[in-house]
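Which chain is which? They are A, B, C and D, in the order written, and residues in each are numbered from 1.
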């Protein structure tokens, strides 16, 4: 049996080349072509899903390690908590909390440390975004 | 963002109610309605995928435990090997090897033990099949 | 398959060219060309032709089947064999179209094809609402059910050796027929699915079938899919038995079990939505002199479930490998657990 | 949305009933009824009407916008406010349709609606091939580019207090305008996405925007989406500024940055596929007496990326929650990383 991502990609082609051109009413015609586009995206998401999740997990673990070295118990508690949450299964959500905590603790950290820590976090965000773009575009 | 299974289920509805009825040529019309059917199946597969895989894994581990108790080193080597492979990540394929080994070792095992062992394996196959049917029908 | 009209037209021209040459005429004209609703099997074209030859005008209806190479059961059956079966059946009691030509050369129509007689009649699909009504009404009139049974009797009482049908292969008495049949469908499975991906229930069913094969030694011409939808009906009679894709020399109970199967009842009590079971059994046994063996039929029901699984696996593989883009084939992947469930229940789990 | 014809017809009848009553006539007749290609915004109907009142014959073109409740930006903008903006603009130098009626009561047409003047002109979408050619040809003729700039000048030099537009809310000098704008779009994000599911890049962008908001204190009427596609064009002039869904009192550079943005160049060097950048800057600065602040525009480019993300999140949520079945909305979920990438690159990562 065809893997789901390949099956969806085939159906996308069918919608684009067979079904869409056979519709004349504008609303269903637009929907048929848009369904083709959406199926390609869903297929790409399924194709890359496991590998991306794994890479994101690994990145977050490395990020947590690096940030633990770069912070101390004297740093804002929400920042420390967000770092600790990074390697957990809910770690992807912890990235957002981490960024929130960084901006909230900006004054306390001082501009230099804030910039250094943010720059390190952005490395991880960049890699994660590149993976999203692989599916999205 | 909508989970992929819900998105596909929605697209299935769109194909059935908006796109399919708007096509008059028989081939693309059939394909539009069939795409609706297939999307429902793929959606069900995604919806149940993780839970089913987990339940199948657990079932195979229990089956391996039970069969280890019910067999000895004197039993056919392919049967023992298949039992050992059940709890591995490739365990789902090992189920087929197990059944093959059972039938191949039928004479050696004798009708009574063959029937007993097969009956136990079939419990696992039944549960697995029921999960497949949840997606298929 | 869209934009087919232009290629249809050129196909019509090529058919006319071929047929003119084959019939030794230069003025052949084709009318009423109709390409039958695309099934999963070979392409089928119906048309009438007029031509002059040897000083006389001729008119005849033709049916052409073409094998585009991506049809179901492509690996089990080919047009050359179907043509030969029709040649053997011509002139026997079994109603069947007269075969005219068979061509291997893809240069002619792009793929092998056979040309045969266009037999009058219709062949409604038993799965649709219209088809169900058609057979229900025929059942009510009461003529077709008997003819439906009688035609199977004609098949099963045919002197197949005399007709030359032993080329299909004559099995050894004992388990020869059944083991050959299992191997045939197992071969289809192996072409569609890698050993490592075989469903364990299917492995169990195959193992059970081999271990429990009954002994059979009454051999007849078996059609292999004798049901409404594979028969041409004209004036409440079977005017032709069609779809000679799975014929073999084997146990008559194999066809009988197919008839008795719940698969072909379409939600009614009638076999094939047409014949009362008791009446079928009585008339069949009287006509053939054979006794229906219920235990063997039960065994065949499991075999038919395996055969269905093989069929659906082969169909979905045809899509998966990109040989045929029809999504109806992709859909059949989810029919496999359904038929395996039927088999498992018959095996008691 | 299929089978819309019958509901369209009944909508036409209901519009005629309402308009007859509103205009104090019993013989109103509607002709040339046209429902404009469904966008993601409010429903728009164009038509002409003739009627007699006070002994005279009247004829006029109307535009009706109806809010079916599942349009984009539904939470940021409503027809009542749009109606009030049009009332304020009527009689000013800003070309805009005269508003006639606004009704809240869903009993009349099933949803709130406003009725306004049908202004002559056309409004090609700049994203399509036809639209691109339309604006390219207008750019070549050379009249529309100047008028396009001049119309923005009219907007930004309007005495908005005198016109009563301070009801839109006047921000505090300093970061008041920008923080209010961030909060407005953040609110849209929060309605579409649970806190726990916020994209960390979006959180970064929002944090950066708040931490780096420049100080602004020259306030004008800001359109909020000034570009081709939101303007009616007639005889190479802007006959009406449309789509008053995101107006505010704020920094003129907010509109200028939108104009300068690469988002609206459609692959050409021209702003909005229409105006040369240097010529726009020269003419805009001469007309308004304002100097274009490039740094502030750079900041707004990041804000517009955030705004786009908010827009796409809101759009895909409209589909996800089942309020609107249009798949084009579902598709926008995958536009979010694309605009976040634009923002991230501007932020240097």
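Here, a residue touches a chain if its C-beta (ideal position, glycine included) is under 8 Å from a C-beta of that chain, and two chains touch if they have at least 3 such contacts.
All values derive from a computational prediction rather than experimental measurement.
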item	value
Chain whose Cα centroid lies at the greatest distance from that of chain C	D
Pair joined by the larger number of C-beta contacts - A-D, A-C	A-D
Centroid distance [mean C-alpha coordinates] between chain D and chain C, Å	64
Distance from the mean Cα position of chain B to that of chain A, given in whole angstrom	31
Centre-of-Cα separation between chain C and chain A, whole angstrom	53
Sequence positions of chain D contacting 2 or more other chains	1-2, 327, 330, 333
Residue numbers of chain B (touch at least two other chains)	7, 11, 14, 18, 21-22, 25, 27-28, 31, 35, 38
Chain contact graph, described as a line, ring, star, complete graph or other shape	other
Which pairs of chains touch, using the document's own definition	A-B, A-C, A-D, B-C, B-D
In the complex with chain D, residue positions of chain A that touch it	25-28, 30-31, 34-35, 37-38, 41, 93, 95-96, 98-100, 102-103, 106, 118-119, 121-123, 125-126, 128-129, 132-133, 135-137
Chain A contact footprint on chain C (complex, rising order)	1-2, 316, 319-320, 325, 327, 330, 333
Sites on chain A touched by chain B in the complex	4, 7-8, 11, 14-15, 18-19, 21-25, 27-29, 31-32, 35, 38-39, 42, 45-46
Interface residues, chain B side, partner chain D - complex	1-2, 6-7, 10-11, 14, 17-18, 21-22
Chain B contact footprint on chain C (complex, rising order)	1-2, 4, 37-38, 195-201, 203-204, 207, 210-211, 326-328, 330-331, 333-338, 340-341, 344, 347, 349
